[in-house]
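Labels run A, B, C and D following the written order; every chain starts at residue 1.
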Amino acid sequence: MPIHKVVSNAEEACKDIQSNMTLMVGGFGLCGIPENCISELVRKNITGLTCISNNAGVDDFGLGLLLQGRQVKKMISSYVGENAEFERQMLSGELEVELVPQGTLATRCMAAGYGMPAIYTPAGVGTEVALGKEVRNFNGKDYLMEFAFDSDFALVKAWKGDHKGNLIFRATSRNFNPLMAMAGKITIAEVEELVEPGTLDPDHIHLPGIYVHRIFQGVNYEKRIEQRTVRTRS
Amino acid sequence: MPIHKVVSNAEEACKDIQSNMTLMVGGFGLCGIPENCISELVRKNITGLTCISNNAGVDDFGLGLLLQGRQVKKMISSYVGENAEFERQMLSGELEVELVPQGTLATRCMAAGYGMPAIYTPAGVGTEVALGKEVRNFNGKDYLMEFAFDSDFALVKAWKGDHKGNLIFRATSRNFNPLMAMAGKITIAEVEELVEPGTLDPDHIHLPGIYVHRIFQGVNYEKRIEQRTVRTRS
Amino acid sequence: MALDKIGIAKRIAREVKDGMYVNLGIGIPTLVANYLPQGIEVELQSENGLLGMGPFPWDGEEDADLINAGKQTITTLPGSVFFDSAMSFGMIRAQKVDLTILGAMEVSERGDIANWKVPGKMVKGMGGAMDLVASAKNIIVAMQHCDKAGNSKLLPACTLPLTGVGCVKKIVSDLGVFDVTPDGFVLVERAPGVSVEEIVQSTKGKLIVPNDVPEMVI
Amino acid sequence: MALDKIGIAKRIAREVKDGMYVNLGIGIPTLVANYLPQGIEVELQSENGLLGMGPFPWDGEEDADLINAGKQTITTLPGSVFFDSAMSFGMIRAQKVDLTILGAMEVSERGDIANWKVPGKMVKGMGGAMDLVASAKNIIVAMQHCDKAGNSKLLPACTLPLTGVGCVKKIVSDLGVFDVTPDGFVLVERAPGVSVEEIVQSTKGKLIVPNDVPEMVI
């Protein structure tokens, strides 16, 4: 893997993403999503995608944009509420959906990044999530065996990154991003601020650059808020 | 688990550690070891301990101090060189030793902290480490099933910590410390600097305080260097 | 009078003890944070990656990078810490979270819970609920006792797809408080003004009624 | 003349290419860092938790918290990053490290390696070696061709307890460079002044000698 990773923008970063590929897309809801890469996938208009992402965005933002354009064949997610078009496509059978418990989703990403082919989790034992899966008892408790994810690309968003691909995330926009970054065969990181090596404190970096193949400074971040909830001053 | 975690010193922190218990001890070589807790175990002179620690210290420092006092019944480690007394006790059969590949050791700690009863790793397949263990093939490659560690206490050392048990490590003294902190039934953290909650940036914390049961500010850190290797100015 | 949502949240808040790490689900459970007893120290875990969740931000101070598991804007407190989703569910699976409070569509007398899917009608997904109920030591459910047609949601067995099996320890519904035991639901408290008879008629699962069932004091 | 340790390190250094992530074992492999080709950018991984390992510190600037896997004091470089031991071996198992260079006591013609134990005599432990050899895509071994009694350490099968099976891709010994292939050891280069005959006599495992075996240029 080349250490020379900096590309100029989403178009260059995503140049070899093709129809029918499997993509991991970071973020939780609209928080910490790779906005630039998603826009570029819309522009490229590739189709038949399998997307592994905790959520499916909202109707008009995030992965919802890809759903609108019928670019997604299959979603692998834990929660897909708050998206009418998604629900329509799913119930009509246009869209294939695999629902995965959130912790299982996260851990299957981590497993890929840590070279572990499978993990055991109690989540879903005794439910329809367990159908067809191996159940194994350890110390008196049942666990499901779940496999590491396999994806062609991982698209993640970080707050800061350096030329070596080292990433720092901000607050809860971290979520699935470092895990998916570890798991992608090719990992593309878009960052709000791209800095020279040596700028970031080596103790503050959340995701080592060895996991990142391409990095660029994104533009025009909207960072839309899904549920604006505030206290009003009396 | 109480959120009220601050204790005054190693004696108070280790008050209920007893003979024949299993202890995880953080550090790599002499780097990042819980010096205060180790001294306290020497002072208490409890025996029959099983220690899970990557190394066994040197003859007169680190876990070597416990070995000198014949306090250790069994070591579970990956590398035990550079310790003559250790080698003597091991070859004479006085000390039971289980050698575990370093990555397996680390991942078995993480598994405990992440509630995963077992993990799969290729390390040791086809070697004597695999004896008696389940071998399973995933995607054409063989893996060993290894179990999460079970320990009564984990003793770890951090650079900074706050009253809620949040920890920050420094440089390569991080090593096994956060992993063992996650894995202990009771986790004791000694820190060079104990600060008020809110002092540490929530994005810089390496180990969330939920994993830490007791914390204290250590004293008199020697931080001995095992292999002082330098360039001399010409 | 049956409890309203705030009443349910207030009653559950009394189950939260000093020093607990608590995960609050979406809906009524989120409201519990507003009614915690005075003088206790509690750490709220939000499974999207935060320990030490604070209140909603003041108007104008919301931060798109700082949300809870319900996607609401929130704040931090002194001692808060962020982490990734794998560690978040790692600490949940490892039972470091002392108490989980979540909503349910149905609960069975054996403690099974269903709250993520209505076949053919609604499939929002399980989010983190399956991980939480499979792992947590102590689970309290906040729920409406009956559906809009008046049918009991405390059942002999769940009719909807399960979220988890044999995991619920306690239920606070609009009608009362119930322990879930190996023998079935045990009525522990009545909501103010609600009679034992009304609760018995509204509960389809096996219900054990002690001789004296106190009325709740909120 | 057979190569000395520095010679072996220099020859191995030529196998390191621009942009590689490399893990260097203890001993001769550590020396490789001193002889990397000019103008290439390489990131050294130290499995105790550092990517971007720098040179030894200047006298007086050593830091007890900053060591490599051989417990030697080291430094960082711009772009270095620290991590815990689980992530370190995670990236190793996930084959993110392009090249692993380590020492060996014995290597078999099938690429098995033994380097961690001499029964009854020496048991220092495997450290990270078993993880590295089980995971790495590309493994180069630095070793002495024969023991002090002159017995070959390139063998039909290892006699010592194995570290890993069928994993070594290339050997640089004091006598030459060898590819490990399904057909056995293939002699690729001779050390300066070392004859093919000498290498053949010193190699007990199956050795394939091409017609023309160039002398190494360091």
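Convention: a residue touches a chain if its C-beta (ideal position, glycine included) is under 8 Å from a C-beta of that chain, and two chains touch if they have at least 3 such contacts.
Small disclaimer: the values here were computed from a predicted structure and weren't measured.
Chains making contact with chain A as well as with chain D: B.
The greatest centre-to-centre gap from chain C, using C-alpha centroids, is found for D. Two chain pairs are in question, B-C and B-D; the one with more C-beta pairs in contact is B-D.
Centres computed as Cα averages put chain C at a distance of 56 Å from chain D.
The mean-CA centres of chain A and chain B are about 33 angstrom from one another, to the nearest whole unit.
Averaging Cα coordinates per chain places chain B and chain C 37 Å apart.
For this pair, chain B with chain D, the centres built from the Cα atoms lie 28 Å apart. Of all residues in chain A, those touching 2 or more other chains are 107, 114-116, 121-122, 169-171, 202-203, listed in ascending order. Looking at chain D, one finds that residues 50, 76, 82-83, 86, 89-90, 92-93, 135 touch two or more other chains.
Judged by the touch criterion defined above, the protein chains form a pattern that is neither an open path, a ring nor a star, and not fully connected either. All chain pairs that count as touching, in label order, are A-B, A-C, A-D, B-C, B-D.
The touching residues of chain D, counted against chain A in their complex, run 18-21, 41-43, 45, 50-52, 76-83, 86-87, 89-98, 135. Chain C contributes residues 46-50, 55-68, 70-74, 76, 82-86, 88-90, 92-93, 112, 120, 123-131, 134-135, 161-166 to its touches with chain A in the complex.
Taken together, the chain B residues at the contact with chain A in this complex read 107, 114-122, 138-139, 141, 143, 147, 168-171, 202-204.
The touching residues of chain A, when paired with chain D in their complex, are 1-4, 112-116, 162-164, 166, 182, 196-198, 202-203, 205, 208-211. In the complex of the two chains, the chain B residues touching chain D come out as 28-32, 54, 77-82, 87, 90-91, 97, 99, 101-107, 109-110, 121-129, 159, 169-179, 206, 223-233.
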